[in-house]
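Shared between the two complexes below is subunit A, which has subunit B as its partner in the first and subunit C in the second.
Here is the complex of A and B:
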């Protein structure tokens, strides 16, 4: 178990290092930073001054290790536009994004687990096909478009829910549903496939031979095994949701990390862009590790591997 | 008093009643008395396992059972709904399977899987159930039962898992144990151990044991009574010594010729075999299903075959006289 964790941790660190390189290189590849910060009307002298002030005149390698060195101590630099510490900018907005992501995940699980189980129990019936078709539709629907549809229906026409802002829990309902929609198809299909496989297994026949109740057979014996891949994918989906919230936060004007990323990209505030990419990547890696851990809890065979 | 388990004219079909459906069991009858080991023998695909699953109402999806009579301890099993059947299974009638490696749930400990049976059927406390599970593990020859209770199936060998399955089946003191080729998947040495264990438990606990096997060596050692199945029918049924001494059905005779008996077989004499395979029999099949592989077959074998008696408790399904 300890070795298993250690191996996972090493992989996680490697991924984080790779992401740092990519985030740094990609922002440099978007053009000369000093020129774009200075704007269209800047003189050559202005650009040179900006380059010096932000330390962009130094060799790229030096800049990179300077940034990495600070980042590992938690110092993500200063925003060019907000004139504030990047770490506190992200810190202020993270609760909104995490709330949104978790809301999305909870809605997705609450919908897809029962749907997947139902489809599996009624395999190859009309209900099963209906569930699969809903999953297909969900997969095909762009999230910003669904967001706008919901806003028009429940925000404007029915007036049940607020269409923008972060004032109350109601602000998270529609964006949460939209985010959930992107995860529901995969989770439903996975639950269905896992349940069908589990229900056809020898240990379920044993459970039936033991005279256990239908609830115990389905929820204790089958779901426990079917849930193993679902947990892994759910954690990865939460990572996607946090990343995907860049679009959704924009649509619903939620001032989270995604919104911050959007603004910073538009304003060439590259320390913020780099930091957001890094933070989201680290969260993603942490979630993947969490998924592995939960798998080990659910599947005793992994613990000794 | 009626037998512990009575099966009369059991039919099991798969795939509905269309022309593509398969008749896995066609009018099989047999009875298991209290405290008796009844062996059900036959080659692969003859309907042995399906018969057992039909009794337990554990047929796979698409399987349909019908019978003139299917009773356990005098109660009609056909009249029971799913809930009623579930209250009997694991309780008064238990079953163990051919695949010890996959028959236990990988996600739960041995202890948790054993105790839930007693908790479900006898409303026992966890403490009582754990004690009972430990006792039974010791009884089936597992050393350090306390340790094993806390282990997961993947930490146990195939032989140990089958012992656990047997112990689990005995949790509620069943009257009937159905064992579907319980030793097939195990090493030869382990096979002998498990078989000895089953025979001993059957004697000590007075179990009715329906033991499914294709191994006539096993039959000779443990069975009180034997039913030979072929293509979904019981073609011969007799007390064990009677069957081995006086097999009446050509198929039984063929099966017995396939078994090497030390001292009775000469070194240069080829071991017997039955040519061909079990035919796939659809609904509406008539006559003897063995006729295409039988050296005694003639035109009359295509018609309905009478069941003949060769003794008070010995009958067979063939037109040939005993």
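Here is the complex of A and C:
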């Protein structure tokens, strides 16, 4: 168990280090940062002053290690546009994105677990095909478009839900549903496949032979085994959702981390851009590790892997 | 698969209606994409401010010369929709070629060589998965300026992971089979074994992945264009059409419904065809 943890941790740290290099290189793609920060009307002297002030006159390698050295202590630099610490900017916006991501994940699980179980129990019936069709439709749905359609229907025509802002829980209903749509197909298919496999196994036959109730067989015996891959994918999906929420935050004007990143890209505010890329990647890495851990707890067989 | 699934399974492959529906949708889209300049009833770029936001054929007060109406600048919506199909298909296919080349090379190398090479390949896949795709693509396009080639290269560099995963695992299965051993014994080179023995045997799995990737690339391009950092205007990408029409959607919902339905149907069609092909080849596409 300890070795298993240690190996995962080393890989996670290496991934984080690689992402730091990539995020740093990414923001330097545009060439001379000082020129783009200064804007179109800047004089050569202005650009030179900016270059000095932000330390962009130093060698790139020095800049990189300076950024890394500060980042590991939690100092992600200062935003050029917002005139604030990047870490506190991200900290302020993170609750919105996390709330959105978790809402999406909960909705996705609430929909896909029962659907997957139902489809598995009624395998190859009309119901099963219907569930698979729903998964297929969900996969093809462009999230931003679904968001706009919901806004027109439930926001404007029915007037049930607010179409933008972050004032109350109601603001998270539509974005949460839209975000959930991206995870429902994968989670449903996985639950279905896991349940079908579990239901065909020997221990289920034993449980049936013992005369256990149908509910007990399904939920206690089959689901517990089918849940192992679902738990792993659910944690990974949450990571994807946080990264993908940039589109949905934009549609619903939710001022989360994705919105912040979008604003910063538009404003050439590269310390924020590279910090958001890094933070989202680290969260993803942490979530996949958490998924591995939860798997190890749920299934002792995996601990030696 | 359980015994019951084999016996009483639904119709698969070309016997299944959904595969045909997918094939028809993809075929229509391919024709629209290739022959767009011949098919468009009007110039998709020509503005006519006197004819702004004309309604489509199913609504009252429609202009028969503009079947799907016109957009906020008076451009014919049907023509832009057909041209947008060309953009979507072009991006879907080219991104998949780029990402396929990268992913298949990496995956086959890892699966075939094993050992340290494979460790490096696995690490590359893990790292790639931890990078937020939409954000990085937006940042690249935002910093370098939007253009079609840049968009294709960026998405191609980001979407190779599934190719690599599937190429790696299928290569591992093929590597130990007898015909590969026979090729070794016959003195074939690494390159020859990979290109003549391994690749043809994993190709069907890769074709299925390719369909999924085309669909994914089309959806991503639409999302990026929707956020204003994808295809540069005035090119009629469906995502860009939705973005430009967004301000009018509360009064004329059809302006976002039309390109959205087109996007949804095309992606659905590609996925249906992909599922059909997977059943036909008996291949698995899930990592």
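Worth a mention:
Here is the rule we use: the second predicted complex is superposed on the first by the 303 of 305 C-alpha atoms of A that agree within 3 Å, B and C clash if a C-alpha of one lies under 4 Å from a C-alpha of the other, contacts with A are read in each partner's own complex, and residues count from 1 in each chain.
Keep in mind that, in the parts below, contacts are C-beta pairs under 8 Å (C-beta built on N, C-alpha and C of every residue); 3 or more make two chains touch, one makes a residue touch a chain.
Not measured: the values here are computed from a predicted model.
The superposed arrangement places subunit B and subunit C next to each other on subunit A without a clash. Of the two partner chains placed around the shared chain by superposition, neither subunit B nor subunit C is touched by A:65. By the touch criterion stated above, A:27 is placed in contact with subunit C alone, subunit B being left untouched. In the superposed pair of complexes, A:160 makes contact with neither subunit B nor subunit C. Applying the stated contact rule after C-alpha superposition, one finds that A:169 touches neither subunit B nor subunit C.
Comparing subunit B with subunit C, more residues of subunit A are touched by C. In the superposed pair of complexes, A:213 makes contact with subunit B only, with no contact to subunit C. After the two structures are overlaid on chain A, the closest C-alpha atoms of subunit B and subunit C sit 6 Å apart.
Touching of subunit A by both subunit B and subunit C, each in its own complex, is seen for no residue at all. By the touch criterion stated above, subunit A contacts subunit C in their complex at residues 11, 14-15, 18-19, 22, 26-27, 29-30, 36, 123-124, 129, 136-137, 139-145, 148-149, 152, 156, 196-197, 199-200, 239, 242-244, 246-247, 250, 258, 261-262, 265-266, 268, 270, 273, 276-277, 280-281, 284-285, 288.
In the complex of the two chains, the subunit B residues touching subunit A come out as 56, 58, 82, 85-91, 94-95, 97, 99, 102-109, 116-117, 120-121, 152, 154-155, 165, 168. Here subunit A touches subunit B in the complex through residues 201-203, 205-214, 216, 221, 224-225, 298-301, 304, going by the rule given at the top.
Of all residues in subunit C, those touching subunit A in their complex are 2-5, 8-10, 123, 126-127, 129-136, 138-140, 142-144, 215, 219, 222-223, 226-227, 229, 239, 242, 246, 249-250, 253, 256-257, 260, 263-265, 267-268, 271-272, 275.
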